[in-house]
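Below are structures written as C-alpha cells.
Same chain, two partners: chain A is paired with chain B first, then with chain C.
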Partner chain A sequence: MTTLVLREARATLPARRRRTGLTVSEWVATSLLCLVLGIAVFGPWLSPENPDALVGVPYSGPSRTHLLGLDELGRDVLSRVMAGGRAVVLLASVATCAAYIVGGVAGLVSGYVRSWIDPVIMRVIDVVLAFPPILFLLVVATGAPHSQMGLAVALTIVQAPGVARILRTATLEASTRGYVEAAAARGESPWYILLREIVPNIRGVIVADAGPRFTVSILAVAALNFLGLGQRPPAANWALMINENQGGLTANPWAVLAPAIMIAVLTISLNVVADGVNRRRDVAV
Partner chain B sequence: MAERHPVLAYAVRRVAIGVGLTFVVSVLIFAATQLLPGNPAIAILGRNAAHRRALHQLEVQLGLDHSAVYQYSHWLGSLLQGNLGQSYAAHEPVSTLLASDVGNTMILAGVTLAIMIPLSLLLGTLAGIRRGGWLDTLLSGLTLGAIALPEFVTGTFLVIVFAIWMGVLPAVSLGPGAANLVLPVATLVIAGLAYNVRMVRAGVVEVMASDYVEAARLNGVPEGRLIRRYVLRNALAPSIQTFAMTVQWLVGGVVVVETVFSYPGIGQALVQAVSTEDIPTVQALGMLIALLYILINVAADVAVVYVVPKLRTESG
Partner chain C sequence: MSRLLEVEDLRVETTAGEAVVEGVSLYLDVGEVLGLVGESGSGKTTVALALLGYVRPGLRIVAGTVCVGGQELLGLREDERRRVRGRVVSYVPQDAGKALNPSIRVGDQLKELMDLHLPGRSTSSQVASALERVSLPSSREFLRRFPHQLSGGQQQRLTLALALACDPDVVVLDEPTTGLDVVTQSRILAEVARLCREAGVAAVFVTHNLAAIGVVASRLAVMYAGRIVEEGPVHEMLIAPTHPYTSGLVSSVPLHRRPGRLVGIPGTAVGVGDRPSGCAFSPRCSQSSDACTHGVPALVQVRPGWSVRCIHSDRTPAVVRLPRDDQEGAGDRGTLLEVIGLHAAYGRGLRRHTVVRNVTFGVVPGECLALVGESGSGKSTIARCIAGLHAPSGGELRFDGELLAPRARGRSREVRRRVQIVFQNPYDSLNPRHTVAESLLRPLELFTELSGRQARTRVLELLDQVRLPARLADHYPSELSGGERQRVAVARALAAAPDLLLCDEVTSALDVSVQAAVLALLSELQRELRLAMLFITHDLGVVANIANRVLVLEQGAIREEGSVEEILQRPKERYTQELLASVPELPVSGQIA
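So, the complex of A and B:
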C-alpha cells in the first residue's frame, strides 16, 4: 500500500525534479561549489584592484572603497581573495589528473596484464604508502623550495598509489567478464581491451573516487601554502593569506576570515557534492 | 613455529617487512634532501657563499665532496649510533635541539587521543545502535562538513571566536600549559573525530545486522548486555585499524596545528627546518616520524590479527 502511494506521489512530481532529485543541502552545496570555483578561476580577471598594490594603511577595517579592508601591507583584501584561489585549485587539479594518469595506467596494467608486473607495482605502492604523506611533501619542499612543479610531482606520487589500488581491484573484477573474453577471442590487442572495454565499464569507480581525491588534493595544497612552503609571499593565495595576516586579527579579522571562509566553503561543498554523487550511484569505495 | 604460534610468526614477518620499509624510507629521505640541487653548503653560508674558499672548506667539512653512497652510509651509520647530526641553523646537535619538542608533541597528541578515542567510541556506538535516529542524522551531517575542513581553517575560526572576540583563551600556545592546550586539542579533535565516529558507527551497524546478534536477541538477551558483550567486542576490531590511522593522521595534523598556534613541538620544528633548509634537522625528524608511522602500522596489523582469530589463518 505504502509503495503504491509513494509511486503515485513520485509520478506527480514535475519531470525535471524527478530526474535530478537533488536534496536541499546538495542543491546549496552545488551552487556554492560553482560560485567558489568561479571566483577561483575568473576572479583574477575581475578583481577591482591590483592585488599586489599598496593602497592604504595596513589592517584598515572594511570601508566603502575596500569592502573587506586591507591586509598586513595595506593591500585590498577583496582583490586578493578574488586572485588567491586559482593557484590552489589549479595545482590540486593538475596533481589529481596526473595521479589518475600515473596511478590509472599502473592499476589497469597491474590488474589486467598481471604476470611479474603486478607484484612489482604492488610492492612499489606499499613503499610509497609507508611514507606519511605530509612528510613526503615536506621533504620534497626542502629539496625543491617553493617549486610548484615539485609540489605537483610530490602530490602526484602521494595520490597515485590509492588510484592504482582502486583501479586494479576494479580491473581484476572486470577482466573476468564475458565481454573481455569476447574481445580477446576476436584478437583485439591488450591496449584496445583496456581502453575500449574495461575503462568504460569501470567508469563508475573512477567517478566515485575522483571527488574525495580532489578534496584531499585541495586540502594538501592549502596546508602546504599555509605552512609557507607553497607559493612565495607576494603571491595572493587563500591559505598563505590566512598565515600572513594573523597579526591583524583584532584590527581587521576579514583579512583572515575571508580566505578561511573561501577554503571552508570549497572543501565542504566539494565533499557534500561528491558524497551525493556516490550515494546516487550507490558505489561503495 | 608457524603451526604452533601463528600470531607470533605473523608478528615476526610483519616486523621484518617494517625494518625493510624503514631502510627504503631512509634512502628516500636522504636522497630527497641531500642530493637534490640546492647545495647545503650554499644554504648555510647564504650570502657568503660567494667566497669560493670558504664554500669549498665547508663542503669538505660536511663531506659533500664524497660520493652519494659514502655520504649515505656515513649518515646512516651515525644515525644508528644515536648521533642525529649538527643543526645548520642553530649550530647545536639536533638531539639537544629537539629533546623538549618531542615531549611537547607527545603531550599534545596524548591529550588529543585521550579525548578523541573514548568520545568517538561513545558517539559512534550511539549513532550505530539507533541507526537513522536524530543523533545519527545530526552526526552524519556534521561529519560530512568536519571531515573536509582543513585543520588550519578550524584552528583559525577557533582563535577568532575564543581568543579575539571572547578573549577567554590564548591565541598562541607557547608551551604545554592547560589553557594553552585547549584550542590546539579542540582543533585536532574536531578535525579527527568525524572520521573516527563514522568508522566506529559502520562497525557497530554491521555487527547489529549480524546473525549472532539476531539470535541472541531472539534468545532474550537484555539489550544492555547485548550491546556490551556482543556488539562492542566485535565492533572493536575494525576500530583498532581506525585508531591506528588516526594516530598516523595526527602526525600530519600536528604539523599544521602546531604552526597555527606556534606550539613548540616537532611539527613546528620540522616546518621551520624545511623553510630554513636545515637539512640534518629535516632528516632526523623525517626518520623519527617515518619510524613512528611504520611502527604504528605494524602494531595495528598484529593487534588486529590477535583480536580477530579468523584472520590468523588467512594472513598467517
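So, the complex of A and C:
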C-alpha cells in the first residue's frame, strides 16, 4: 500500500523531464569526458611532433611552434600529452574490466547460490581486503618493475573484492523477488536466472559503481607511474611527465600542468557522468 | 453537539497542477468515528494526511480549510502546525512495524512524545496509564523492550497508545489493521471503537475494508477519483447504497456467510492525470447517460445525513449477490496431487524452525482446494514445497502417482509444466525489465513446441483469456495496474497449460473490486480448463467464493478439513469457530438474486 502511494507520488513528479534531459553540468562533463578520452585514444596518431624527438632547448616556454613549450629534455609537451594518455586509460580500463569479470562472477554466484560457496568466497575477499591496497600495489610493482601486465593483475586483485561485495548485495536483494522464484519454479538453470532475470535488474548498480571504480584505477595507475613503477622513462605518459618535469615548474609550468589537468578533467567528468546515470536509474522503472 | 473537526472544500494538487483531491468537506462530532473508504488512488490517504495539515512531497494544498478543535490548521505556519500534530490531532500509521523507531524503547517512545507536547507531565504513571488504556502491559520489562520485540498486534496497539497519549481531539487512523491477521484485526477494531467512545475522541478511520468499517464507524464517506461520492450512516449505506460505485464496492466484498459469485466493477480506476470530465465514475457505470459527462454532479442530500454525488441515484441497482454456479463434482480420475506427511522447516541447527508439521491431503482434478490460516500457519510454505521452491524436511509429494523431487530443477519438464504457481505480490512477480510478451513467451519456449510466430499468436490468445487487451503485450510491468499485473501472472502460469495451479494469496495485494474481478476470472478459467487449484488465502470470504473444499491450518498442522459449507457454516473445531467469529461482517440485505 505504502509503495503504491509512493509510486503514485513519484508518478506525479515531472519525471519525464528528468529522464531525458541532461543538466548543464552533465552536458559539460559528457563533452569533456569524450574530449579527453578522444585525445587519449587518437592522440598518438595526431600529435604534431614525434613525442620522443628532441626539438629545442629544455623547458622553453610556449611558442607558436610548440604551443605548450618543451620539457626537461627539450621534447614537445603538446605531442607528449597527446601521446601519453593511451597507456594510462588502457591500463585502467583493462584492470577495471577484469575486476568486473572476476568480482562480478564471484558476487553473482555468492549472492545467488548461497550454499557453502558464499562463505568461502566472502572469506577470501576479506583476506584480500585486509591488505592495504597501496602497499599491495607497491609490492607487486617493485617485484615486477615496469611490467604493465603485473600492474593490471595487481589492480584487478585490488578492485575485484569491492565489485564482488556490491554485486553480491544487489543479487541477494534481487533473488528474493517473485520473478526469480517464478523462474526457479519453471526449472530455469542458475545461469539463465542470473543473466536474464537478475543482471538486467542490477545493471543500474553496476553502471553507478563502475564510474568511481574506473576513477580509482586511473588514479592508481597515475600514482604508480608517478612513483616510477609503471612505464619506463622515455615513454610518454601523463603521470610520468608530472614526475619528470617537476624541476622546471617555474620555467615551463605547462609541462606539469597539462598532463595534470588531463587526469583531473578525466576523473572529475567521469564522476559527474556516473552520478547522472545513477540519478536517472532511480527514476526509470 | 460540538464539531471537533470540520473540513471545507479541500483541494490538493500535484506540483504540476493536477487535482488529487477536490472539493472534500467532512465533519466530526465528539466520540464519532467516520469511515473513509476508497480504492488505491482515490485520494483517501491524501485526505487523511491533510487533516494534520500535511501533504506528501510533490503535492500541495491549494484551497480549503481544516478546522480541528476550533483551530484552523492550514493558515498556520509549519512550526505552529507541528505543535498541533500529536496533541490536538494525531495519526496512526498503516504499518506499525515500519512507523515505530526501531532503536527507541517502548517507554521512551511514549515519554519522548509527552515531553514534546506536555512538558512536565510525562511521569511514569502517565506512561503506564497510556499503555494500560490500549491493554498493553506497563511492567518495567515491557517498557524496556524495543519495537521489534513486540508482536504485530502489540506494535499496532503501541501506535494507538502514542496517538492517544496527549489526549488529542481527533485521531486519524490510516488503514491500521491492513497487515494484521483476522483475530488481531478484530481485537484492534473493537479497541478503537471502545477508546473513541470512552475518551470522547473523534476519529477518521481510513480503510479499503468495507466490513471492518461496519464494526467501528458510525458514518461512512466513500471516495472515488479524489471526491467524496457518497456519505451517510454506515449500516444503511452498506445495505442499500445510493451511488453506483458504492453499490459496486459492496457487491465486490466476498462474504463467508454467503457464498456467491462476485460481480465486481467493470473497467479500472482512473489515475490522477486522466480523470474524465463530468462524473469520474461514468465510464464504468451501468446507469450513466449523456448528462453524466456534462459537469461534475453536486453532492445532493437524499435523506437527512445522507448525501450522494450522482444525478441518477434513484436508479442505482441494489447490491447484487449472484449464487455460485457450482462445478460438477470432481472426475473419477483419482488424486492428482498427494501430500503425505509433509514436514518443512527454515534455518539450520539451533535456529531451525519447523513451520509445517505432518500435513497430509490430496487434490483431485478439477477441484479448488482452499488452504486457510493466519500468517505463520505455514500455508505458503506448503505451496512452495509443491512448486519445488523449498525442499521439505520430511514426507512425500506425489503428482499423478509419481514422486516429486524436492527441487523444481530435479523434476521432469512435463511435471514442471503441469504444476504452475501464481504469487501473492504482482508488483514483484513480473520482471520489471521484461515486457508482458517476453514474460509470457518464456514458458511457451520452455514447455511447448510452438514456433516463434505460433508462440506470438498464443501470447495474444493468453492475454485474451485473462481479459487483457492485446496492446499490453509490449508494455512493461511498471505501466500496468496491480490487477493487470496479476492477470499477466495468471496468463504466464496458463501458458504452460498446467493441470494444477497453485495460487498463493493472489488477491491479497489487490483492491476489493479488482479482487472480485480476478476471483471471477480464476473460477471461470478453472471451469473452462478443468484446472485443479490449490488456493491459499487468509480471507474466509474469498474461500466461500472460489473453493470446493477447505483445509484449516494452525501453526503448521491441519486443524480441520471439509467442504466449504461444512467448514463455514458448521465448523467443528474451536480454532475454526474462533477464526470465523473474528471476520468482520458486512451488514447484508436479505435478497440473493
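Methods note: the second predicted complex is superposed on the first by the 262 of 285 C-alpha atoms of A that agree within 3 Å, B and C clash if a C-alpha of one lies under 4 Å from a C-alpha of the other, contacts with A are read in each partner's own complex, and residues count from 1 in each chain.
Just so it is clear, contacts are C-beta pairs under 8 Å (C-beta built on N, C-alpha and C of every residue); 3 or more make two chains touch, one makes a residue touch a chain.
Just so it is clear, the structure is predicted and the values come from calculations on it, not from any experiment.
Using the contact criterion defined above for the overlaid structures, shared-chain residue A:186 touches chain C, although it does not reach chain B. Of the two partner chains, neither chain B nor chain C is touched by A:122. In the superposed model, A:265 lies in contact with neither chain B nor chain C. By the touch criterion defined above, A:177 lies against chain C but remains apart from chain B after alignment on the C-alpha atoms of chain A. Once the two structures are overlaid, the count of chain A residues touched is higher for B than for its counterpart among chain B and chain C. In the superposed model, A:97 makes contact with neither chain B nor chain C. By the touch criterion defined above, A:197 lies against chain C but remains apart from chain B after alignment on the C-alpha atoms of chain A. Contact with neither chain B nor chain C is seen for A:210 once the two complexes are overlaid on the shared chain.
By the touch criterion defined above, A:55 reaches neither chain B nor chain C.
Common to the chain B-facing and chain C-facing surfaces of chain A is no residue whatsoever.
Note for the complex: chain B touches chain A at residues 21, 24-25, 28-29, 32-33, 36-38, 141, 144-145, 147-153, 156-157, 159-160, 163-164, 171, 248, 251-252, 255-256, 259, 270-271, 273-275, 277, 279, 282, 286, 289-290, 293-294, 297. Here chain A touches chain C in the complex through residues 1-5, 8-14, 177-179, 181-182, 184-189, 197, 200-201, 285, going by the rule given at the top.
The touching residues of chain C, when paired with chain A in their complex, are 14-16, 18, 20, 40-41, 45, 56-59, 94-95, 98, 175, 178, 271-273, 387-389, 408-409, 411, 413, 416, 420-421, 423-425, 427-434, 442-443, 446, 476, 478, 482, 489, 492, 496. Looking at the complex, you find that chain A touches chain B at residues 25, 126-127, 130-135, 138-145, 215, 219, 222-223, 226-229, 239, 242-243, 249-250, 253, 256-257, 260, 263-264, 267-268, 270-272, 275.
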